[in-house]
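Here chain A shows up in two complexes: once beside chain B, once beside chain C.
So, the complex of A and B:
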């Protein structure tokens, strides 16, 4: 079973940073060999929603957020890494690598 | 009706400040019927500016407005031949401002999807480089098409 990374991206207006962060995380995680799924909570609502299974199977769970995500209770039993949207847009690969060194 | 057309792309060679550029975008948006209230739209853009920098660095800025004065999801682009002073994460100037305009309510989901495709592309190095090298509205439209941002 390959290693999995899941993330959730949410920011107040949900027009730009939400999606840029999602793309950056997807690209970065894939480059590092992860199977990745990123949920966005933007102006178009919840897309690509993370299921309980997705979360349970993930090696790393990232929240790139500037607001509390909807349905945040899903993550209660798990270790979350909260990151700044701008930081992850700039260097998703670096941030994921840093998280790897912490777990 | 797509979210971007040639008429929504402008080349700047005179303005050096963020606020002037946003003012131009607002004026043109009203002229083109994308918005029906100059003042309200300007306020929406400036409210977002107050929340945090829209200058992403590398010469690109993404001002955005979610407002009841916006009639439909649309994008306006200002490509500048001169550096524009615009608070950015790398402290550098801006050469291309991509403004996102979204209605407060009843925004068309398909258009929002196109918009999210566009913003996702802003993470792509090649796309950004090509954007910065483009000189005319036609070139920019071509670029969007090439990167399958189906406008």
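So, the complex of A and C:
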């Protein structure tokens, strides 16, 4: 099984940053050979929701957030890496590599 | 780059300790994290408040459109007075009745924005138990409970000055953190957990909010509000200009980000109370997107070449379209690509445009920048002129700055031309 990365993105308006960050993480993670799933909590509600199984299987869990995500208790039992939305939009690959070195 | 590592809170079976440990799940150990943490809670509140502002604002705007644009009623007359004036009959009277309905409905909806802010901020800090405490705190910040005064031997209820958004802001954090603290520090055996979460913490939380609002937050917040009003009113025209400059700068700077939202949070009560119009903010929201979009259209005529990568050209047009819907996020790709050029350019454009519109006498009381509230603007041509001036300034600055960087070889563009 390939290594898995899950992420959750949420910004205050839920119009732009959320989806730009989600796209950046997906692209960056794929480039580094991850199987990736990104949940977005935007103005259109929760899309592509992460299940308990997704979270349990993931090697890396990223929260790219500027607000507290809905159903945050899901992540209580796991190690989370919280990052700024702006940073992942600029350089998602760099962030993921840096997280890899922290594990 | 700031990466914050958050350790797992519950070990092993996550279900067992969930209720007890929930409140800890956003605690952070690093020092710089505190500001960030506070900001995140506040943004969660603002994020949930915004739908109320949009819905309420749109419905409220409809009533004003009917009254002052379609029926051309004098601006000093309200809906109810217009209905009772006897001037309007038949269809126009029914239209006025509809305006009355939308005004009271929209006003009620609008009034829930601040309570929702406080509720979701508290909820973000300490979870479900803090939600009602924050909500009631926010509601009392907008509509304070009456205080009994002895007037001529009779105890009479009197409403104090509302503490408004200042009060809501304080009580949301006080309620959130005190409930978080109680939840963490009151330790009881598993058998007493129900007692703690269904009786003890709710009653303590409610008491904290009730007493805190009555004796501390309402008096202090009300006083600050009163003082702020006095200062702004006495400053007159020069005060308006300073306000316009500050408001447009803080609105434009991060294109709908945290600073922008905080600025809106301050400006909103001033405009809903008809104290200071929100004109500068409405203009500053649209200028960055229109200006940068304009730059993608006119660059080849000004400096004779394309100054952006080719993928920016369709994005420029999208940004202009979004701006007319009152959304500033369309400009974000430009700001990210070359922040040192884009951000100062559109901030200068926003200040110049907003301030000149305000100087020329444009007045907008509705916190909405989209095209459909344009009919409500006093001296609309000057408003439009302000947007135009600001956008042109932004566009020219961006084009010339980029062009000089391209000439110096600092910046390379792939424009296929």
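Just so we're on the same page, the second predicted complex is superposed on the first by the 103 of 103 C-alpha atoms of A that agree within 3 Å, B and C clash if a C-alpha of one lies under 4 Å from a C-alpha of the other, contacts with A are read in each partner's own complex, and residues count from 1 in each chain.
In the analysis below, a contact is a pair of C-beta atoms (placed from the backbone, for glycine too) under 8 Å apart; a residue touches a chain by one contact, two chains touch by 3 or more.
All of these numbers come straight from a predicted model, not from anything done at the bench.
Peer 1: Putting chain B and chain C onto chain A via the overlay, clash or fit?
Peer 2: clash
Peer 1: With both complexes overlaid on chain A, does A:44 touch chain B (first), chain C (second), both or neither?
Peer 2: So A:44 only meets chain B here.
Peer 1: Is A:90 in contact with chain B, with chain C, with both, or with neither (first, second, both, neither)?
Peer 2: Touch status of A:90: both partners.
Peer 1: Counting residues of chain A in contact, which comes out ahead: chain B or chain C?
Peer 2: Residues of chain A touched, chain B against chain C: more for C.
Peer 1: State whether A:16 touches chain B only (first), chain C only (second), both chains, or neither.
Peer 2: both
Peer 1: Is A:31 contacted by the first partner chain B, the second partner chain C, both or neither?
Peer 2: Touch status of A:31: no partner.
Peer 1: Taking the contacts chain A makes with chain B in one complex and with chain C in the other, which residues are shared?
Peer 2: 12-13, 15-16, 20, 86, 89-90
Peer 1: In the complex formed with chain A, which residues of chain B make contact?
Peer 2: 48, 51, 56-57, 62, 64, 66, 89, 100, 102, 107, 109, 112-113, 115-116, 119-124
Peer 1: Taking the complex as given, what residues does chain C use to touch chain A?
Peer 2: On the chain C side, the touching residues are 1-12, 14, 18, 21-22, 25-26, 39-41, 43-44, 46-47, 50, 124, 256-258, 261, 327, 329-330, 332-333, 336.
Peer 1: Please name which positions on chain A make contact with chain C in the complex.
Peer 2: Contact set of chain A toward chain C: 11-17, 20, 65-68, 72-73, 75-84, 86-87, 89-91, 94-95, 98-99, 102.
Peer 1: Write out the stretch or stretches of chain A touching chain B in their complex.
Peer 2: Against chain B, chain A makes touches at 12-13, 15-16, 18-20, 22-24, 27, 40, 42-45, 47, 86, 89-90.
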